[in-house]
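Shared chain: subunit A. Partners: subunit B in the first complex, subunit C in the second.
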Partner chain A sequence: MTELQRLREAFRTALDLPADEPVDDLRYQDHEKWDSLAHMSLVAAIEDEFSVMIDTDDVINMSSFAEAARILGKYGVDVK
Partner chain B sequence: MNLLHPSARVVDAATGERLTPAMIDAAAAEIAGQPIVFLPMPTTVPAVARYLAAWRLEKPVLLLDPDLDHRALIARYTTGEVHPDLALLLTTSGSTGDPKLVRLSRSAMLANAGQVAESLGVTGDDVAITTLPLFYSYGLSVLHSHLLRGATVVLERTGIMQKEFWAAVGEHRVTSLAFVPSQYEMARRLRFDPARYPSVRTLTQAGGRLRTDLVADFAARMDAVGGRMFVMYGQTEAGPRMACLPPERLADRLGSVGRAMPGGTFAIEDGEVVYRGPNVMMGYAETAADLARGDDLAGVLHTGDLGRLDDDGFLFITGRLKRMAKVFGVRINLDDVERHFPVAAVAGDDRLHVFTEDGDVRALRSKIAEWLGTHFTGVDVRMIEALPLLPNGKTDYRALEASL
Partner chain C sequence: MRVALVTGASRGIGRAVADRLAEQGHRLVLHGHDPERIAAAAGEITAKFGVTVVHAAGDIADPATSRALARLSFDTFKRLDALVVNAGTHAAGMLGMTPDATVERLFAVNAAGAAYTLQNAVRLLARGQSPAVVLTASVTGDQGVAGQAVYAASKAAVAGLTRSAAKELGPRGIRVNAVAPGFITTDMLDSLDEAGRAERIAHTALGRLGTAGEVADVIVFLLSEQARFVTGQILGVDGGLTL
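The block that comes next holds the complex of A and B.
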């Protein structure tokens, strides 16, 4: 699986989405399932999946799928 | 004694809007003809103005989640006959199917606002920020205890996982944060460092049991900067707080929910925690006619919790009389869940675990969460080949709990 597929899978698991739902355009709080509790599951899922520890500022700045991909770049994970 | 101290302030963090006496006057004129104020309660200045107007006019208020449809509930409780002591009506669970209400008197609410303010040492210099909905008893308790002492309440509609929230904490020099267990988990995930928010002096915890390692962890974080952490215990039925564990006793009474609030006492009767105090509800309501009833309980609340008291009066909660779970501060009757869904249900820490022998796990999770009116992350659904049974044919819940 590519990094991009792994990130999509982490989003679907954490936000409780069906396997075929597109996630690349998701934005925090625009989607009914992405709220603060789901955000916590999401951060945990991403940290587990990529074996990284995400900083506080990055956790609260992770406001979209694209932003999550960008932030992961800072931790040496190249999502594309 | 009035709930609203003349120097109390309420300000909206996002818009800068401030509560003024004129707003309360205007809201009072609007609701003057209503025997009961059915109030959808978003975290906004106009909603708080309307709520305080109802207090001033001594009219009972039913606080409602603004995102849900309450037409059936309102129809059920519409009446012209209400008891003069009745101040506040709150729902007992997130379940939209359960219309039972808690009836709280003006004197009970004022008593509890005072008990909480005294236990926490709230002063006019304090600044609280909303972390919970105001239609939920813990969120409302933060509002009450701060308004009573002439403090400031900052209305913030985002949550602790968003940068707007922490910006507001800094900008308004917030002194006190009130979190439920799930928010402590979030704060841990955020690696909350009180040194970054030097105005924050107090953390409070209520809304269900917080695991003791997190209690100790956050107490240590606050201690390191000269701040304090308070563990509290309560139920909506007690308006809502009954106990508080003071920070200086937290280390030697870790796991306790504290001592009874000033003016209250605990007793253990047949294993059950029984609270006596001025803040106990008048009783429940299940029909409109019940809103005319007086005080049915005379200040005695059978909590349904099992517990023990040590020699110094510190209370330890050990379980529930009925099979209950508490998820995000809301009580869930496990037997009710099993009556509605083909599952076996057990309680976890801030989570409902259900086991099913067949079906679509994801769909079932969504359906149960929706039925409970709770967040889907609070419901865990697992497939199991066959439910473990006791020799008497009943479900072996111990075995299920052990498998978690």
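The block that comes next holds the complex of A and C.
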């Protein structure tokens, strides 16, 4: 599984989305299941999946799937 | 075994808590301001109790310190079951005679430092088993003490943080409480003169200063399963000072 597929799976699992739902265009609070409470679960799921600890500023800035992929790059995870 | 992070663990109340948790078999992440002192404390605890202890040093007023502690906890244990937000500083000073730097330092360490520590640990606690937090407030934060207005204000902030965090984190299964020590025989009391100490004792129903171990015992209780229905409380450990 590629890093991109792992990130998609983390999003689907944390936000309780169907396995076939596209997530690449998801944006924070644009989707009914991605609210502030779910955001903390999502961050934890990403941390667990990639074994990284994400700083508070990055948690705040993680406003979309694309931004999550970019932020992971700071922690040495190349999401492609 | 449970995993606990204790800040301000080199000495005083924090060290006493670390000793008790290690005695119960907790694995520990310890923080101290001074690198040599916290390394020594960690070594002594490991040697005495045979538990895994990792440690880091830094100024808790700098958010980078609690970020590093969270990362150390994550890298070593992946979670926290217990958090003791204890690092603090004390300074007495009359209003109109307290330097700006002292005002800033008291709030930076006691209030902002506590908020940084809790904020950076919260996702680790969410992964924990029966997670619980205890912060070290102070009787002065609720009652006020002449000559310690700024210190009292900084500790009142800890009480507000405790109650708010208890409401916010309760639905996620995380309990948050605080202890409010009265006058305890720690290094922090060194800033009071002998007359000040005598006055404090005179106002304490039990007629003596408390010990760090007596506060630590209450912290360990609040972290334990015995306190599983207790959250959002500021528990006085003051020998009757506030009666």
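Criterion: the second predicted complex is superposed on the first by the 80 of 80 C-alpha atoms of A that agree within 3 Å, B and C clash if a C-alpha of one lies under 4 Å from a C-alpha of the other, contacts with A are read in each partner's own complex, and residues count from 1 in each chain.
One rule holds in what follows: a contact is a pair of C-beta atoms (placed from the backbone, for glycine too) under 8 Å apart; a residue touches a chain by one contact, two chains touch by 3 or more.
Please read these numbers as outputs of a predicted model, since none were measured by experiment.
Engineer: For A:8 in the superposed arrangement: first (subunit B), second (subunit C), both or neither?
Structural biologist: A:8: touches no partner chain.
Engineer: Which partner, subunit B or subunit C, touches the larger number of subunit A residues?
Structural biologist: Answer, by number of touched residues of subunit A: B.
Engineer: May I ask you to decide whether A:60 touches subunit B, subunit C, both, or neither, giving the answer as first, second, both or neither?
Structural biologist: So A:60 only meets subunit B here.
Engineer: Based on the superposed arrangement, let me know which partner A:36 touches: subunit B (first), subunit C (second), both, or neither?
Structural biologist: first
Engineer: Have a look at where A:44 lands relative to subunit B and subunit C in the superposition and call it first, second, both or neither.
Structural biologist: It touches subunit B and subunit C both.
Engineer: For A:18, is the partner it touches subunit B (first), subunit C (second), both, or none of the two (neither)?
Structural biologist: Only subunit B is touched by A:18; subunit C is not.
Engineer: For subunit A, which residues lie in the overlap of the subunit B contacts and the subunit C contacts?
Structural biologist: Touching subunit B in the first complex and subunit C in the second, residues 40, 43-44, 55-56 of subunit A appear in both lists.
Engineer: Along subunit B, where are the residues that touch subunit A in the complex?
Structural biologist: Subunit B residues touching subunit A: 159-163, 166, 182, 185-186, 189-193, 328, 362, 365-366, 375-378.
Engineer: In the complex formed with subunit C, which residues of subunit A make contact?
Structural biologist: So the residues of subunit A in touch with subunit C come to 40, 43-44, 47-48, 53, 55-56.
Engineer: For subunit C, which residues count as touching subunit A in their complex?
Structural biologist: Counting only subunit C, the residues touching subunit A are 63, 67, 70-71, 74-75, 78, 119-120, 122-123, 126-127.
Engineer: Please give the residue numbers of subunit A that touch subunit B in the complex, ascending.
Structural biologist: Its residues touching subunit B are 16, 18, 28, 33, 35-41, 43-44, 55-57, 59-61.
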